[in-house]
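Same chain, two partners: subunit A is paired with subunit B first, then with subunit C.
So, the complex of A and B:
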């Protein structure tokens, strides 16, 4: 399938430091991508570049083959939902909705109204008077009511309680099912949203280190749990992301091919289970590939 | 074209409330001044040209604030709603021209209307105000220049930060210091309103507006929206 949004060798420098370095990634239509990275990895900067709000220092971003920056069609087709919309601060919710209806070509008024009701957002309150969670909800209304081909959510669930986060995930699934919309979500609540992601893009210190479908991303990620003496042989193995030992039992976080060792390990009583996405992300982004943590 | 029309509708929606409140307050103050002029003329300056002089400063400050807000609020707001920098600059410049023309028209109507009423009631002690079109044109160029200069200043603060913004203010003051009293400069006060020099000064201001608008575009065309 051809990509709808693509960035090629994009770099962004702020002063002497690189926020994004040589990022090349493409997004297919009708897919949901998780953009994962530690704090300061460059997720927000990358989303701003993809939406045309920031110019890259080098490289190019294209929407449907056309350059995004200063392209009226492309910029109105990519909707960025920021975690904090400072320019909305002094406007009432109803004013913001009016602005959206005037400037966003894909704006669905009825959907916006129903979402405002669903989230119980007061139309006459100013954005800055809303709670953090309500501000996030208003961003979600913008992202979902605007039927843009590409929607980028930057930390959309910031400040939302568990119930509202679930509501957002449900709405997003409804929105994406059977549609060609491409959604890119940056979030730290990985376990919660893992089921949404069809693809994962991993950003480490400004570099996209992985971008692949979630199933193959998790295919070779395991927990190995069992006798410390048996598992000691893997000390220093680059496939071991993390190790923890407690009273003669060791747990290894494993990322890589296990087909050769699997049968023998299972015979030796080692329990092999899938590694959750959040844990995999934590271990992958943590500095140092092997991190022994002796407890006791 | 549809996108430009929507941009202008957005600009109008964004500003009409503040504009409406400001003009209503200004009109009330002017009516108050008119009452004073009729009943207690010794309390107010009764020269017809200066009678509504407080309006000039008030409209100037309103235009200044509008310029700053256009740069620091409207720019990120429009880009967050899918507009391009070109759409923004086209909208902001059109808004600047229309609002400056409208405010100048308001001021001219108030000055001429008020003077006509005073004349009607026999309370006018001095000559008639500056001719209608001349007054409107000169006010228009002044308000437009204020709008553009402060949009430029706000843009510099927004794009480059506080220190470059303060340096720009110092630059403004430096230029003003050396040009305000220059022969043939843009100071209206020493010119006869019916003279060519009076209009020429307004033409200079209009040319300066074009220059500032070009500078504004150079700064905005690659400007980033803040990520925080």
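So, the complex of A and C:
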């Protein structure tokens, strides 16, 4: 089965403020997407809308051409793993697994058991008694054992230690190797998960400002480091996201075409190195906020 | 992450380059099978699509070829092709970069030649 999840001109208003504004985006089958955004940018709201859990104020979400909302078949193909599964609070791990096996059509019991073992989750503890990291692990079990065509993870690594995060990344790579599953993950741990994402979706104050493959997203992102006098020519250049100077040396975070200037800059001793995804994210969102403040 | 990504180039290019190194240094011989993209993905902890992109880069250059239903193999003559390509890149990558740094440090071309001669003698 290979079907596209799409949302067209989706907006969500809470009272007077927009949580999501005019989002149009599509997710191809068999791809892994990183959904990045600052706190309060609307990541959780967008994931809830995509999974049919809440209604958009405007616009439509479709899966395989069918409207998702109020559509049992489409909704059963989409699995949302919330960062906090409130409805699980009073139930024991083993009961939650029972619910999952009854309610989720793509449930793979054997995979679920092996994941429970892998994470060493106590069958008789209630969800609310689990540590934050264990709650996340149980969510991961749900998302990976349910072989849904579309799986949305909202902050799946919340509270997980470094070892368990690595374990999650490895499981995820295994899971999407040679499969048609589409996986969308929101996260704040950008650098360590950057290599998992084939595509990056950037959400800024409810607006999807970028959605493109990770390589081309990063292709034009650089650090330029060198003599302040040489780099001064770029002050005010829209491609400069961020600038810092110390004792005659300037570091610029650059986002844009550099092919014209590159050779000459290198000739002049400017060092050009790649900008990591997390830094690019920080500078882009910071710049966005700054511009908005100026407008106001 | 297993030697990947602390680097300036996209990851799929780095994957391609690692396979190239394996062929040049003889770890992967001609007509032998290359690990699958899923194996590369698991080993380097990267998205399988990215690994596939790296492998396909080498298929396009006729370094690797696909045997339907079996997997990827190193093409005959791949090593010679790669050596030729790397020799071309050597000038840009090492000579030009070296001369630029030398100019910055005030090292003359004569001094560089002396260093090279001395190093080769020591290594003999």
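Definition applied: the second predicted complex is superposed on the first by the 283 of 296 C-alpha atoms of A that agree within 3 Å, B and C clash if a C-alpha of one lies under 4 Å from a C-alpha of the other, contacts with A are read in each partner's own complex, and residues count from 1 in each chain.
Note that a contact is a pair of C-beta atoms (placed from the backbone, for glycine too) under 8 Å apart; a residue touches a chain by one contact, two chains touch by 3 or more.
None of the values given here were measured: they were computed from a predicted structure.
Of the two partner chains placed by the overlay, neither subunit B nor subunit C lies in contact with A:65.
A count of residues in subunit A touched by subunit B and by subunit C gives the higher number to B.
Touch criterion not met for A:40: it reaches neither subunit B nor subunit C.
Legend: residue contacts after superposition of the two complexes on their common chain; A:256 is shown touching neither subunit B nor subunit C. Once chain A of one complex is fitted onto chain A of the other, the partner contacts of A:195 are limited to subunit C, with no touch recorded for subunit B. Contact with subunit B, but none with subunit C, is seen for A:53 once the two complexes are overlaid on the shared chain.
In the superposition on chain A, contact of A:238 is made with neither subunit B nor subunit C. Of all residues in subunit B, only 3, 6-7, 9-10, 13-14, 73-74, 76-87, 221-222, 224-228 touch subunit A in the complex they form.
The touching residues of subunit A, when paired with subunit C in their complex, are 30-32, 166, 169-170, 173-174, 176-178, 194-198, 214-215, 218-219, 266-267, 269, 273-274. Note for the complex: subunit A touches subunit B at residues 44-45, 48, 52-55, 70-72, 75-80, 82, 84-88, 90, 95, 98-100, 102-105, 148.
Against subunit A, the residues of subunit C that register as touching in their complex are 1, 4-5, 7-12, 37-38, 41-42, 44-50, 53, 100, 104.
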